[in-house]
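Here come two complexes built around chain A, the first alongside chain B, the second alongside chain C.
== the complex of A and B ==
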């Protein structure tokens, strides 16, 4: 990896680590991550995994270290999700905001809390769990996150524990802050959890969010995870590390509604036989937005199923990148892996790069991948116009339809309804509603 | 009296190749005209030119609706003025429900005409009534437009749109092709139920059999981009009997 001679993000770490009162294990972890970030440096487009995504605009930002800021309930209202709002954790610039959060008493075996509240008390041994899955020795932004980390959501379900109510975690940043939120979700044997992470930027100046999410599913656990990049997201880098044991079931919906520069990594390791993983993604890009979805699904054990379906809609000068890799390890017989990426380009200057990849080291597998990039179907546009819709309405209807195929995959009803509303507003007035 | 539709010396090109070499045709209010012709004679080109498809270039002549040229009008303007084209190959639109689409279309037209938009509840009642008339399974209304529809369902769906939008001029492009006899009867019954003294139809077809079920007032034969013969319904029977070859010699 190329090391930048000057790394402006380094100065954030120096400012952050000064004078922290925290447990020794966390300080050690933080120091280790900081060393790792200094050694790894910021990747450039010469690095294969960052070929399509330049971080120059990020490095040019004048960023303040994360600090407290007052945010009102009203500021966040558009981002609350009706019907999925009974358990809510709000972090403002990386710091837990109790007044904006809702934490009802939960049945035994379930924990939803800010990580910071469990540093010293967690009986499950947080020191052996936090930052033990996403590898900060290999990934520079995972390292930077750990070095800058202040707080995040901790969600834990013990054996057989089911939490029907979705947990909504809002990571709010007031620009031009640099924030480093981190989510840790541990689903025990046959446990069931639903997690929604919303990333919201308030204020006009560009900020930077470096997020990490670690999710561990024990045997037979079910986790639904939705990740929303909302308004005001300027620069976003998010790493999602998922470990799946035997017969577990993980669903991921990554919805990028707005971002100047976003990179979403999803790294799933199917370490138990018969695990099932479904990844959906939608990118809506306009202006000069650049959104990069980078996915690795690693079939380590036999008879696991993985599905990837990502779509992007890029308008004006926006650009989307899809890089999805499926690895089938020796011995992972009976693997069933599918990858599909479809891109809709609405303008001549929009661009979509797609790179679906399969690495198969095993016979007896079923793998497929495919990608399409294209414009709106002219015949369909004419058909709609011939029924009285004007050009813009016709284009909106077809764009909505293309994008909505992903929204429809969201199985958490209140989230789907919320996103359908957002989409209707985006493509306003298209259906007379 | 002004005709509903007048086509005057119409020449139409696509991609620089002239397909229609001068057609004259007048359709009065409430009349049903059939245009028959072989494949490649220019039938579909004529329908697309009337609907205003941007790929079809009018190089000479004019199309007038109620005495006013529509050549400068966009397809949506023509639709809002009362022209409807039933497509030979209706497009599939995954992700948009038939119901939503129909209501959006109806309201776009009503809005353009300065009429009040139809509410969801009123539309539901309207669409149920029309679907029954067209013998369309209500289940199709909630599915994506034409997605996974059989050939017959797609054509019936076109006629359903016709019934909902209530145009003054309906142009049907080979609506009969690919239909079994039951579907053909359903489509024909739908069209017949929509006939009245103000609504005109232009039926474009290869075969006479549609005209057994929808009786035209006039029949025209289109060959190689020209109307070579016009007559009454008996002309269709003559074509059925003799084919098109005897007319080709007259060109």
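== the complex of A and C ==
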């Protein structure tokens, strides 16, 4: 990995670690992560995994360490999801805000809390779980997160525990700061959980959010995970590390609605036989947005099924990147892996780069991938115009239809309805409302 | 498919392994400015070419060996390679009778008897034997049409203005590590020029062999099709059995001027090393074609040999309406590795490209398709279609697909699809039930799998390629 000679992010760590009263295990973890961040450095486009995404604009930012700020309920209103907000954790600039959050009493076996509240009390062994899955020795931004993070959501479901209500975690930034939220979700045997993560920037917050999410599914567990990059997300780097044991089921929906520079990593390891994972992604890019979706699905054990469907719509000078890799390890017989990426370019200055990859070391597999890149079908636009729509309306209807195929995959009804609303606003006045 | 079938498939012997003892005139091993000068002097090259080689050499010194590729190999000792070796008795011949009989026998063994080809098929062969062209047939016939088909060194002497204009114009010596090395030390190669509007009346062909022990082969091919010309060029290779790894770093440059059409076909069957991966040729080649307005560059390759095949025959579609094609079959077995694919760079408007890649992996074979489709901003109306399929025989082999698709133009339409599978037991069962042996069944399925590519080869080659695949699958009767 190429090491930057000057690394402005390094100074954030120094400022952050000073004068913290924390349990020893956490301080050790932080120090270790800080060391590995210093060693790894910030990757440049010469690094294969970052060849389409330059971090120059990030390094040019003047960032302050995250600090408390007051946020009004009304400011966050547009980001609450009606019907899926009964359990809500709000973090403002990385700090838990109890006033904005809703934490009802949960049935036995379930825990939803800020991580910080569990540092000392959790007897189930948070020290042995936190930062044990996402490897901060290999990923510089996972290391940076560990070194910088102050709080995040902790969701745990014991054996057979089912939580029907989605857990909505809102990470809010108010100023050009560097925040490092972290989510840890542990689903026990046959447990069922639904997690929604929203990332929001309020005002003109040209900040940097370095998020990490670790999700562990034990045998037969079900987790639905929806990740929304909302308004005002300036620089976002998110790493999602998922471990799936036997017969578990994981669904991931990643929706990037507006981001200046976003990089979403999803790293799924199918470590148990018959695990099933479904990943969906949508990128709506305009202006000079740059969204990079980076996926690795690692089929370690036999008979796992994985499916990836990512779509991007890029307008103006926006750019989208998709890099999806399926690895089939020796012995992972009966693997069924599909990968699909479709890109819609709406302007001549837009750009879409895609890199769907298969790395297969086993013969008894069914693997395929497909990628397309193109513009709206002229015949379809003409058809709609012949029915009385103007050009812009026709284009919007078709674009909406293209993007909506991903929204339709969101199975949590309130979230889907909410996203459809957001989409309608985006393609304003075109759908008869 | 049974274990034995796979086993025997993977173990069939290399059929072209022998060494012919032709006295060679060699330079000492090692690489330095002096060696580069010596190579140039031995070939009586003009000043400008010596300078060009030296510039390439100096640039090479500043470069580092790439390591992003999938196949890893032991470090090459560039000072241990003999960079120049020429058969001592350089014959100047007008008929086959005057050629060293041992040489002729070698070709006979390869099944490419010049004599027979000359008589029966009308294929002109420029036989390259350890870097120096010893025989060129049909030259007179071609020259009547104004076609120049000769060895690279002859071209430098006889047509310096054309060579100077185009040498390095498609693959500059700064391009990559191995292209720089080749530019510094290339020994010989083929040169071809088709004048405007001429349709080359026969398939041009050249056979490469690597012979003297420890000789790296650094071929350089330059092919220019002037406006509206057409040429189909064949390249085929076999190499004798050796324990030492041999480096082959060739450069092929194709220039298709306005409206020209170049079809370049390769069948490669170099020594792949033994079944434990000892020895074998490193085939690190830079091949690229430049297509001007309305021109077409078409690559077809059947890669069955070499310990490591690492090449990306590419097309730069500079002119409007130009077309690029890439058809490939790659087969790896034992410990063979291949990292191959193409680059299609769309610069002009309405440029089109097609990529069809078929990979077959058996034993411990490991192969990678790596391809880039790049649509630049000005490439309005560009169109690409890519399909990469892999077939796995056995549970120890690997197949990987790494496409890079970059679109900067909204009117461009790009499609890519890939699949990986094995030969299903049902397919084999069906054919066996119809009376075919297991070996024939597998061979038939593999041939069917590769049909889209094989059908792109010129007739003479298609037969050879099919035989080659069959040969590679030989021993399949369990």
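Just so it is clear, the second predicted complex is superposed on the first by the 432 of 433 C-alpha atoms of A that agree within 3 Å, B and C clash if a C-alpha of one lies under 4 Å from a C-alpha of the other, contacts with A are read in each partner's own complex, and residues count from 1 in each chain.
The rule is simple: a contact is a pair of C-beta atoms (placed from the backbone, for glycine too) under 8 Å apart; a residue touches a chain by one contact, two chains touch by 3 or more.
The model shown is predicted, which means the values in this text are computed figures rather than measured ones.
Applying the stated contact rule after C-alpha superposition, one finds that A:330 touches chain C and leaves chain B untouched. For chain A, the partner that touches more of its residues is C, with chain B and chain C as the two candidates. Judged by the touch definition given at the top, the superposed model places A:343 against chain C, while chain B stays out of reach. Contacts of A:234 after superposition: neither chain B nor chain C is touched. Once the two complexes are overlaid on the shared chain, A:374 sits against chain C while remaining clear of chain B. In the superposition on chain A, no contact is made by A:42 with either chain B or chain C. Common to the chain B and chain C interfaces on chain A is no residue. Interface residues of chain A, counted against chain C in their complex, comprise 48, 52, 330-331, 333, 343, 345-375. For chain B in complex with chain A, the touching residues are 51-54, 74-76, 78-80, 84-85, 87, 90-91, 93-96, 100-101, 103-109, 112, 117, 120, 144, 161, 165.
For chain C in complex with chain A, the residues that touch the partner chain are 68, 375, 377, 390, 392-422.
On the chain A side of its complex with chain B, the touching residues are 377, 379-380, 382-391, 393, 397-398, 400-402, 404-405, 408, 430-433.
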